[in-house]
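There are two complexes below, and they share subunit A, which is joined by subunit B in the first and by subunit C in the second.
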Partner chain A sequence: MREIFDRTMRRASRHALLVYSILFFAFIYAPMMIIIVYSFNANPVNMMSWSGFTFDWYRTIFGLGTKLTEQTMYVESTEQLTNAVGHSLIVALTTTTISTVIGTLTALAMARFGFRLKTFYRVLVFMPMIIPDIVLGIALLIYFVTIGVKLGLVTIIIGHCTFLASYVFIVVSARLAGMDQTCEEASADLGASAYQTFRRVTLPLILPGVIGGALLAFIISMDDLVITYFIAGVDSTTLPVFIYGMLRRGIKPEINAIASLMIFFSLVIASLGLWFRSRSSR
Partner chain B sequence: MALAGTRKRVRLAGLLSPITILLTVFFIAPLSILLVYAFLEPGLYGGVVWNFYDQNFGRILGWADGYYEEFDPVYFSIFGRSFRLAITTVLISLLLCYPAALWVTSLSERWRSFFLFLITLPFFASLVVRLFAWVLILKPTGWINETLISIGMIVKPFDMLYTEGAVVLGMVYVFIPFMFLPLYASLEKLDRSLLEASGDLGAGRFKTFMRVTLPLSVPGMVGGSIIVFIPSLGNFIVPDLLGGAKVLMIGNLIEQQFLEARNWPFGSALAWMVMVAVLLFLLIYVTVVNRAEALQEQ
Partner chain C sequence: MISIRNACKRFNTPEGSVVHALQSVSLEVGNTEFITLLGPSGCGKTTLLRSVSGFEDLDEGVIDIDGQEMTHVPPNKRPVNTVFQNYALFPHLSVGKNIGYGLEVTGCPPAERNQRVGEVMELVGLEGYERRMPRQLSGGQQQRVALARAIVNRPRVLLLDEPLSALDRKLRESMQLELKNIQHELGIAFVFVTHDQQEALTMSDRIVVIDQGAVQQIGSPTEVYDWPASIFVARFVGEGNLFEGELYMDGVTLHLRTDQGVEVQLSENDKSRRSGRAVVLIRPEDFQLDPTSEPIADHAVLEAEVTQTIFVGTDFQIVATIDGGLPIKATIRDPSRTLAREVQSGSRIRLRYRLDAPRVLPPDSSD
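Let's turn to the complex of A and B:
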């Protein structure tokens, strides 16, 4: 009797857990799905009340002709949007390059050398990831204004590098920690110089970690809002700051289309990145 | 030998100098200036006067002279609300994630990595866009109200946007991967044989969970809580978009000091208080984890 009761309970709880978990993942994905679906909604007055299928909102953001009347059109200008995307790409690519180099060098130093200030460096490198981004944002704003640097793309790039180098450091360190050092020793024993060993042995071995770190840095840089918000100049708006500004001024259907495109692209890039990482770690 | 030592030192210096320069010039220096600013006098029309001035903290903590600067308990209540909302966010995301993380650990290797992939994926989608989705869902003419009206369940739309609940929902939504991953990591590490032993010794599933699973997952729970707590406490994007002017948090207050009121010293003082709160919580975390590890080793 008790056994039957136990078994039924166990099965019931397993089913409850399954149903709950499906709801949990639905909660995570449903809002994004809703945005994508309603970005094709033709209703110009209430964007969440479905009245037919249209591509018009996508056409407006690319500056193509639409059937919409002048009043319902909103996009301030396609040029502003493309500028923002351009700025985001310039910042993200530069930041990724710089922070990947710095983060990797730091990871190598920490993994391959013993030195007195090691604990200090470990804490120091962790700090930019730990402090709230609003604090780092305003600290950089005050700093740049005090030393007289004009706010613009350069300040955004510097700001992103301060915390992204740490992210790259973490990813590359994880790779180095799981790595066999005997290959490097063998290379040195066989007479290779330190540079040759690095170029021919170490680098190929840590490359998946470096690429993973770079991808992470790229995505975080593309998406950063808070720090960029404070240290972006008037004419160096990035995509997240641009969208945030649009949202603050009022919600228009075009934002739906832009948002859907952003979700789509970031999910594709992230999927590729994660897939690549899971392949290379095997 | 001495030569090899020197060469090694040069190499180490080469590897470490980029990060040292980067963090000294663009991290330590800005934070130090932030601290200096917190003790400077705000100028009449923005800007600062280079005088030592303790009234910025006085306005928040209560020793303002009441002449130039006034102590206002509203700052305490905003701090209080920020802590309350951040802690609620942590607790709700912990409760939401725990069962799901437990379920994922029970799956086969293949499905596990699939669901881990699903949980990390939204982290890469733009934060503003994910919050914007909730604005569209919650607003009076939003998805929930429109759907309920169209199926005839309600007649009048009800207000969900611009409430504390909306802010907590938004923060839970954007930070949920941060809670899930550490939780999952600690549950996955759990030694299965301990659970079996507990069952063999006659403990029921509930008892096993309470006495074995739950205590052993404490480091993951605390870790996830800290990672969710830190960005929640100083947040200004979520309360700005989902809380409106009604639900102010410290983040909004700081942002206003910088971009509207142009009182940078006061904003710096507020920012340092957030920093100190965060560091205190981290200290607690490190202590708890160290103690838990010491317990496990025994």
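Let's turn to the complex of A and C:
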């Protein structure tokens, strides 16, 4: 009798876990699935009611001809959208390069040298991550206006670098903490110069951290709205700022398509990161 | 030849005090000598090794290698190589690349590099492992890679920082012999750091006993074992019974009366003093069981009550108490293995020793 009870309980708890897991993932992924599904919805007026499958929204984004003609339904101009994507890519690639170099060098300095007020400097490096985006955005705006820099791509790049270097710093520091420092001594002992040691031992060993930090910086830069919103000039709208502008004039079906493409893009970047990590830990 | 003169090194602790890691250490190492720096952890032996390899800057003193001053030369410009305690193999490079690293960074042409890598791999018994990654090797094999990597540059001196401490006992003992053979084959000097006195006695041409940053004694293994210069050396190298007390002459024989009132008889020799406070060392293996009570020439006897008899492999170890409460240890060989039954806890024994076995040491000034 007791045995049957135990077995039933075990089975029930297993089922409960399964149901819980399904609910958990549904909670996280349902909104994204809905966006992707409706990006193929042919109904131009009411997004929430399904009226057939179409690629039209994707076609509009890329400026290809569609059956639909009602002007008001579409992105004002494809050119604006491609400009925004272009700006985002320029900003993301530049900031990723700059902040990866700065963040990695800072992490190396913090890990390798002892100096006065080290903890204080470490906090200084962390700070931009902790400060609320909106505060950082306003502060940067006031700063740029005060020193008389014209808002544009350059100000966005400078603004992004201020906090993305911190992210790279943290990821690379974690990797450095797990690295055997006597490897560097062994390299010097065997006759390598400081540069050779960095090039042949230190850099290969921290490379997974550097690449992970760079990918993280790239995704955050592509994605940033709040700070960019303040410091972007009129001609330097990035993709998130552009989408936000579209939303203010009402939710249009193309947004679903743009969002789906962004999800896909982020997945590609994340898989790249995971692939690289598994390759280096093998 | 390495010549270290008057090496001093101080460290500041976070608490604000100063630690003297090296206190005017002077040492000469011969061209083909196997020399061991022996001492407890934190005694300064690793600091001394690292100042030879160039990773520690001396506060005072001079280090010469082959007549060239090396005191402030950076590590990558010194004709020495190191086998690190944790091996410090490059995890991203194969065994072959690890071993060839030193040749590669110093610009050795690939053909010669391959040949020399092959030679040292054969020397340390790693043929066929060239393409393996370090993490795919056992501890003993990693140790061999570290050794091969350090000798491929043909250094004048090889420094070894407790390289065997991570290996199990059997492997360690076979590596001890192998290291000795490799040193012989290469014909270069080895400076070996260890805290294991057995290892030091087994491998070295000379042992440097270090404590609290200062050299306590330099000598061959038998010298250090048989004629320890201080109580520290006597305690650290081998086991010993130490009796502290007052020396006095009784007619023609020298005696030590311990503070507990036990009389220890010993013979005079040119190294011993005749009076004053002193410590007398008798090694456990210097004792024999004396079943008779007939006096034998040049021997003396200590009577004791047995506390414990332990079989430790080849020998029996007897722990006993001399009248007056002094503990004493004796190592007795008994091939018939009946000793444990005959000498049980509580029984009284007579421990006989040759009069020239005890060593007279200066009393410990720090006590």
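Note that in this section the second predicted complex is superposed on the first by the 257 of 282 C-alpha atoms of A that agree within 3 Å, B and C clash if a C-alpha of one lies under 4 Å from a C-alpha of the other, contacts with A are read in each partner's own complex, and residues count from 1 in each chain.
As a working rule, a contact is a pair of C-beta atoms (placed from the backbone, for glycine too) under 8 Å apart; a residue touches a chain by one contact, two chains touch by 3 or more.
Here the structure is a predicted model, which is why all the values come from computation and not from measurement.
S.K.: Quick one: is A:Q196 in contact with subunit B, with subunit C, with both, or with neither? Answer first, second, both or neither.
M.R.: The second partner, subunit C, only.
S.K.: Given the touch rule stated above, what does A:L205 touch, subunit B (first), subunit C (second), both, or neither?
M.R.: So A:L205 only meets subunit C here.
S.K.: Just to be sure I read the superposition right, which of the two partners does A:A42 touch: subunit B = first, subunit C = second, or both, or neither?
M.R.: After superposing on A, A:A42 lies clear of both subunit B and subunit C.
S.K.: So, A:V85: does it touch subunit B (first), subunit C (second), both, or neither?
M.R.: So A:V85 meets neither subunit B nor subunit C here.
S.K.: For A:L153, select first, second, both or neither according to whether it touches subunit B, subunit C, the two together, or no partner.
M.R.: A:L153: touches no partner chain.
S.K.: Quick one: is A:E185 in contact with subunit B, with subunit C, with both, or with neither? Answer first, second, both or neither.
M.R.: second
S.K.: Does subunit A have more residues touched by subunit B or by subunit C?
M.R.: Larger number of subunit A residues touched: B.
S.K.: Contact-wise, after the overlay, does A:L105 reach subunit B, subunit C, both or neither (first, second, both, neither)?
M.R.: In the superposed model, A:L105 contacts subunit B only, not subunit C.
S.K.: Spell out the residues on subunit A that touch subunit B in their complex, using ranges where they run on.
M.R.: Answer in residue numbers: 6, 9-10, 13, 17-18, 20-21, 24-25, 27-29, 31-32, 34-35, 38, 46-49, 101-103, 105-106, 108-109, 113, 115, 121, 124-125, 127-128, 130-136, 138-143, 146, 158-159, 161-162, 165, 169, 194, 219, 223, 225-226, 230, 239-240, 243-244, 247-248, 251, 255-256, 259, 262-263, 266-267, 269-271, 274, 278.
S.K.: Taking the complex as given, what residues does subunit B use to touch subunit A?
M.R.: It comes out as residues 8, 11-12, 14-16, 18-19, 22-23, 26-27, 29-31, 33-34, 37, 96-97, 99-100, 102-104, 106, 113, 115, 117-130, 132-137, 139, 141-143, 146, 150, 173, 176, 204-205, 230-231, 233-237, 240-241, 251, 254-255, 258, 264, 267-268, 271-272, 274-275, 278, 282.
S.K.: Okay, in this complex, where on subunit C does subunit A touch?
M.R.: Counting only subunit C, the residues touching subunit A are 53-55, 74-77, 80-82, 84, 86, 88-92, 101-102, 105-106, 149-150, 153.
S.K.: Within the complex, which stretch of subunit A touches subunit C?
M.R.: Residues 180, 182-183, 185-193, 196, 200-201, 204-205.
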